[in-house]
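In what follows, structures are represented as structure tokens.
Both of the next two complexes hold subunit A, though its partner changes from subunit B to subunit C.
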Partner chain A sequence: MAVITLFRRYGTLIGFFAIIGFFAWQLPDTFVTPRNLINVSQQISMLAVVAFTMTIVMVMGDFDLSVGSMASLAGVVAAVLFAQGFPVWAGVAAALAVGLVGGLANGFLVSIIGILPFVATLGTLTILSGVAFVVSDGRTIFGRDIPSAFSGFARSGISLEPVGLAGLSLPWLTVIALIVLFIVWFVLEQTIYGRRLYAIGGNREAAKLAGVKVKRLRMSAFALTGLGAAIAGLMYASRVASANPTQGSGLMLDAIAAVFVGMTMSEEGEPRVLATLVGVLILGILDNGLTQMAVDSYVREILVGGIVVAAVAFSSLSKQTR
Partner chain B sequence: MFRPIATMAAGALALAFAMAGPALAQSVAVITPYLAQPGTQFYVDGFTAEAEAKGWDVNVVDTAGDVAAVISRIEDAVTQSVDAIVINVDPAQVEAGLQSAADAGIPVVGMDAGSHPLLATNVTSNGYAMAAETAVYVANRIGGEGRVVMFVFDAFPPVQIRGVIADAVFANHPDIEVIDRITPDVQDGGIADSRARMEALLAANPEAGSIDAVWAAWDQPALGALQAIEDAGRADEGIVIVGMDANPQARDAIAAGGNFEASMAQDFVGIGARAADAVERLVNGEELRQSVIYVPTKLITAANVDEQ
Partner chain C sequence: MSLLAIDNVSKTYGRTRALKGASLTVARGEVHALMGENGAGKSTLIKILAGVVAPDTMEMTVDGRPVALRGAQDAFDLGFRFIHQELNVVAHLSVAENMAMGKPCPRRFGVAVDWPALNAQAHAALDRLGVGHIDPRTKIGRLSAGDQMLVSIAGALSATGEGARLFVMDEPTASLTGDECDKLFAVIETLKSEGASVLYVSHRMNEVMAICDTVTVYRDGRHVATKPVSETGKDQIIRFMTGRDVADAFPPRTTPVGERVVCRVDDVSTEVLCGIDFALREGEILGIGGLANAGQSELLQMLLGLGTRRSGRVEIASAPGLADPSDPWTHGVAYVPRERRREGLMLARPITDNVVLPHLTALSRAGTIAHRRRERALTAEMGGVVRLKSDGLAQPVYQLSGGNQQKVVFARAVGAAPRLLLLDEPTRGVDVGAKFDIYTLIRELSGQGCSVVLTSSELTELIGLCDRILILLDGRQSEIVATDGLTSADLLGRFYDEAHGGHAAA
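Up next is the complex of A and B:
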């Protein structure tokens, strides 16, 4: 019985370390190296921010399909303002404002109007994507239109020389992801606000009867998810030094997958942001390791999808046996 | 589980080559977000065929449209210390990855990727030469005199250079008059708006023979102009239409033997093969002086449209 509990609780974590162990064995010289791990942290940083903030709405049993289009739109809005000669801070601020407003709109549709999150955010996904095309005129904005202060951000970081890693630096994109992780963890785990979101996720009616302002909380949670998507969109635009109206679209499904993988790690099947981090790491490490092993891209997709399904299936099965 | 097989294959090939000469099996990563697009598939096929003949270990990575993931995969290839990297994506968008390759001293070759200081070279078709060929085709076909309509798109650099050359060719013929230089709206792909613009122009020039030719910087406007001319019942006036890129729809129109007479075909497979040659020279320590290597293109007319 104790073994089953152990597996139910830590199966995903064991799988995670098994994956790391496998790559460390197959790629002895290049996988567990400071440089590669720093690369991975930067590679997953955008997905991580989306997934962390996606966790906030998933705590309440909701989800947000529009994060990918929101990320694209945020990048495009900033880039268009840059192209018109606005300073970096103005473009970034406008993009974040768009994220916040878009998130609030999602929250309004879901909590005030009462549309199912799937339908409401599917609608805003399409709207935001259309707006991104209109704003950018369907083009990729790149080159001299993107200020070097903005694109240079994703290529620089904090030097790790003082800790003995000469020539390496902790990328700013990784730093941002860590900051977002800390904020989301703090908000969800250490504040009354977070407890109330979990209460809504546990039983919305009961939470309401207990005096929790469900509508207002759901709306604010969606606003935070929209803001996170906008941050990720800016990170993406900085990394590729350009913006186009579809570049964020891959983030949504991966983010939801990461949260689901993370959910298998908690006893009650609740989303926890630190567990989401493990989900993101699994996806990122698989991409990095399988590329290094020269596994065909399409086979890689099948493996990644298979591992996500296996993690969730394993957890679901072990719960049934309890 | 894939690695041992690949290593064994590479090892066997290396052995075979070691006996033949000093060449060693190179490992090359080909990274693109666009593998699902037909053109890119041809580049990659051309590259892999040539690379296999050379006995290299090639890893083709498709990021399914995700440009940031191209940077990530370039970083992974650098970590893996491949001998060379080949990309088919706008280099300006993956500069972060190119920088990490440059820092590690790994050469990066572009396949129709655009020029960039961090690329050892870019292998592509010569847009100037292609435009010259179709523009000269038009000028010769109408006997050096007549009224020509141009479809251009100056906002997109690879297409803009085509327009510049056609301008020069037509300007060099004193009896050729360019009656309009149209930039169609390309949101819908370019055919529909080009057709509408051509219809307006036909209405403005109602007399038979008042328009002698349409020169289009790519195939879609040429197809739109063809539809407009046919629907206006003016297909028998002998208006000569040329496009560029020789896409399947354009090839069909050329094969039909109507007004659409010519287009230019890029040698996608050849671009891939020449990219492999460039990689070979680079890993042999040669420094490439040409920052762009051009692969010849071919004029497609009714005479050769059925080839290949």
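Up next is the complex of A and C:
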């Protein structure tokens, strides 16, 4: 009985370590190495940023489908400005502003107009994606148009020489993801703002009658999610030293999947950003390990999708029997 | 000879005895009123007649012959027809479709709907009710609530087929205007002249006096009296309904009401309310009374700054203009909503989170960072004040009993030492022990100078707890009465004054 309870409570975490163990066994020389783990951390950093900030709206029981196109648009906006000779800081600032405004627009539609998040952000997904094509003229912006200061950022990091890992460095993209993780954790877990978001998720009507400014908070939360998507878009553009209007589109489903996998770790099924981190790590490690084992990418998708469904199904079954 | 005679009908739900050997006799061709307070057993009796609820014991004869009632089909076969209080319509279907629901529908070629025939059928039924102007093809959701009710009534009447002998109407006029009521009454006259009987359940005394021949009163699941309407009166019926006056279970006021005015409401009108005007002094307990849905909840929410005021002013402890819902809480106003599960609690979250929600800013560091230790301390302290029983403050609220859940909502409300406490049905769905705890708490707060505005559908509660009672008639303030020497019958009588169906239109 105690084993069942343990498994129910920590099933997702046990699964996470089982996956690591499996790859460590199958890939003894290449998987659990500092170089590969650092590589994984960089690979998942964009997804991580989107998933962490997605957690903010999912805490309120909402979600945002437009993050993928928002990331694409942010990358394209920065690249177009670079191509026209604007300095790096201006392109980055404009891209972040686009994320913030787009997020506010989502929040306005959802909280002030009262459209369901699914419908509202499905609409803005399409709009933002169209805008990204218009802004970029449908082309990929790359090569000399992208300043080396911008693309070089993703290739550098903090040297790990002092901790005995000669020749390795902690990529800046990983550092950004960690900073975003800390900020989102602090905001959601330590501030009264975060407590109020959880209250809205717990019972929106009760929160309103207890004096919580529900509309304003929902709008601001969507703005933060939009901002996170824009950051991820910039990270992506920096990493591949180019921008095209579709490059962020894979982020949205993975981010929502990561939050859902994380939610299975909480007793009451609430999103927690540290649990989202576990979800992101599961997706990232599966991707990395299966690629190294030369598993076909379509088979990889089947496996990843199956694991997400299994985790959520297991958690919902164990709640029913409780 | 009587059409329907029921004797010795009993029904127990769990521990609640809804009916205790009650009886009812309805003569042929009469309109028979069934009256009683909430919980008197009227609804249970109607459900038994409809074959929806099986009684524990019942002896029933129709036309003098003993009959058994095993289900809804039996009730239909016996000629019973029902018009329910709640609207059961499918908003995006047409009037005719709604009326035809659950009945055989005219067809073409055995499969296709014969729309002209269906619409003609519906039109005939509507015409009979004097509302032939309603187009059977309109989507029913577009009609006013009153028209929807009339359509439902017309549907029930056209369902009669042959053999309809007893029409049971449960508060049919609840959403009708005066004109619409008159149309319904004309139909009732017609039914009666055709030899059918009507069992008419209503809280509206004037209607009962006007259209009924006989009245039966139930109290606490028992038959109290049956009298010809011509031989009784409003006062006597109310006495039958309320029985005795009970005020003993309430802790008495031990401290005098203060002098300072804490809350002044100056001729406020809203969508629902009209002419609300009172001044509340320190420590005073003001009750809001009236028939169901007369605007009690709206009045409290108006004081909480929700909804828009059409005119008038609200001043709370010299802070005028409460436009924003968050402001009242920070101005010393606290609120306990009517439906704690829907409007009050985050059921899956811990007790602490539920209690501190409106006080997060006050407890925080620098207005930003949550201060868990202070939050837990406040929750522990307030849990003590309301005598909360739990397995620790981290326990999710859904695991608590109804009474303890209500105490969590109270702990939240008293958390910031409120000057004005708004309580919407504070003892709704709460067991007797918790009820007394809540009464005691309200008294204590009042003794400490906190003013209270509360609504209750229990007359004894209003009289036992409150200093004065503001009476609402369909949203309009009719009077404020002191509770000294007030009896339940007296109070209930005031709820009925002028409260006729036609008033809702005003």
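Just so it is clear, the second predicted complex is superposed on the first by the 318 of 322 C-alpha atoms of A that agree within 3 Å, B and C clash if a C-alpha of one lies under 4 Å from a C-alpha of the other, contacts with A are read in each partner's own complex, and residues count from 1 in each chain.
Just so it is clear, a residue touches a chain if its C-beta (ideal position, glycine included) is under 8 Å from a C-beta of that chain, and two chains touch if they have at least 3 such contacts.
This is a predicted model, so every value here is computed, not measured.
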{"item": "Subunit C versus subunit B on the shared subunit A, clash or fit after superposition", "value": "fit"}
{"item": "Touched partner set for A:Val212, first subunit B, second subunit C, both or neither", "value": "second"}
{"item": "First, second, both or neither for A:Glu268, with subunit B first and subunit C second", "value": "second"}
{"item": "Which superposed partner A:Ala154 touches (first subunit B, second subunit C, both, neither)", "value": "first"}
{"item": "First, second, both or neither for A:Gly143, with subunit B first and subunit C second", "value": "first"}
{"item": "First (subunit B), second (subunit C), both or neither touched by A:Ile192", "value": "second"}
{"item": "Angle, in degrees and to the nearest 10, that opens at subunit A between the C-alpha centres of subunit B and subunit C", "value": "130"}
{"item": "Touched partner set for A:Val240, first subunit B, second subunit C, both or neither", "value": "first"}
{"item": "Subunit A residues touched by each partner, larger count belonging to subunit B or subunit C", "value": "B"}
{"item": "Minimum C-alpha spacing, chains overlaid - subunit B and subunit C, in Å", "value": "38"}
{"item": "Interfacial residue positions of subunit A with respect to subunit B in the complex", "value": "26-27, 30, 33, 35-36, 39, 43, 46, 138-140, 142-143, 151, 154-155, 236, 239-242, 246-247, 249-250, 287-288, 291-298, 301"}
{"item": "Footprint of subunit A on subunit B - complex, ascending", "value": "2-3, 6, 27, 29, 35, 57, 59-69, 71-73, 75-77, 79-81, 90, 92-96, 99, 155, 187"}
{"item": "Contact set on subunit A toward subunit C in their complex", "value": "190-196, 198-199, 202-203, 205-213, 268-270"}
{"item": "In the complex with subunit A, residue positions of subunit C that touch it", "value": "304, 306, 324-330, 335, 337, 342-349, 353, 357-358, 360-361, 364, 367-370, 396, 412"}
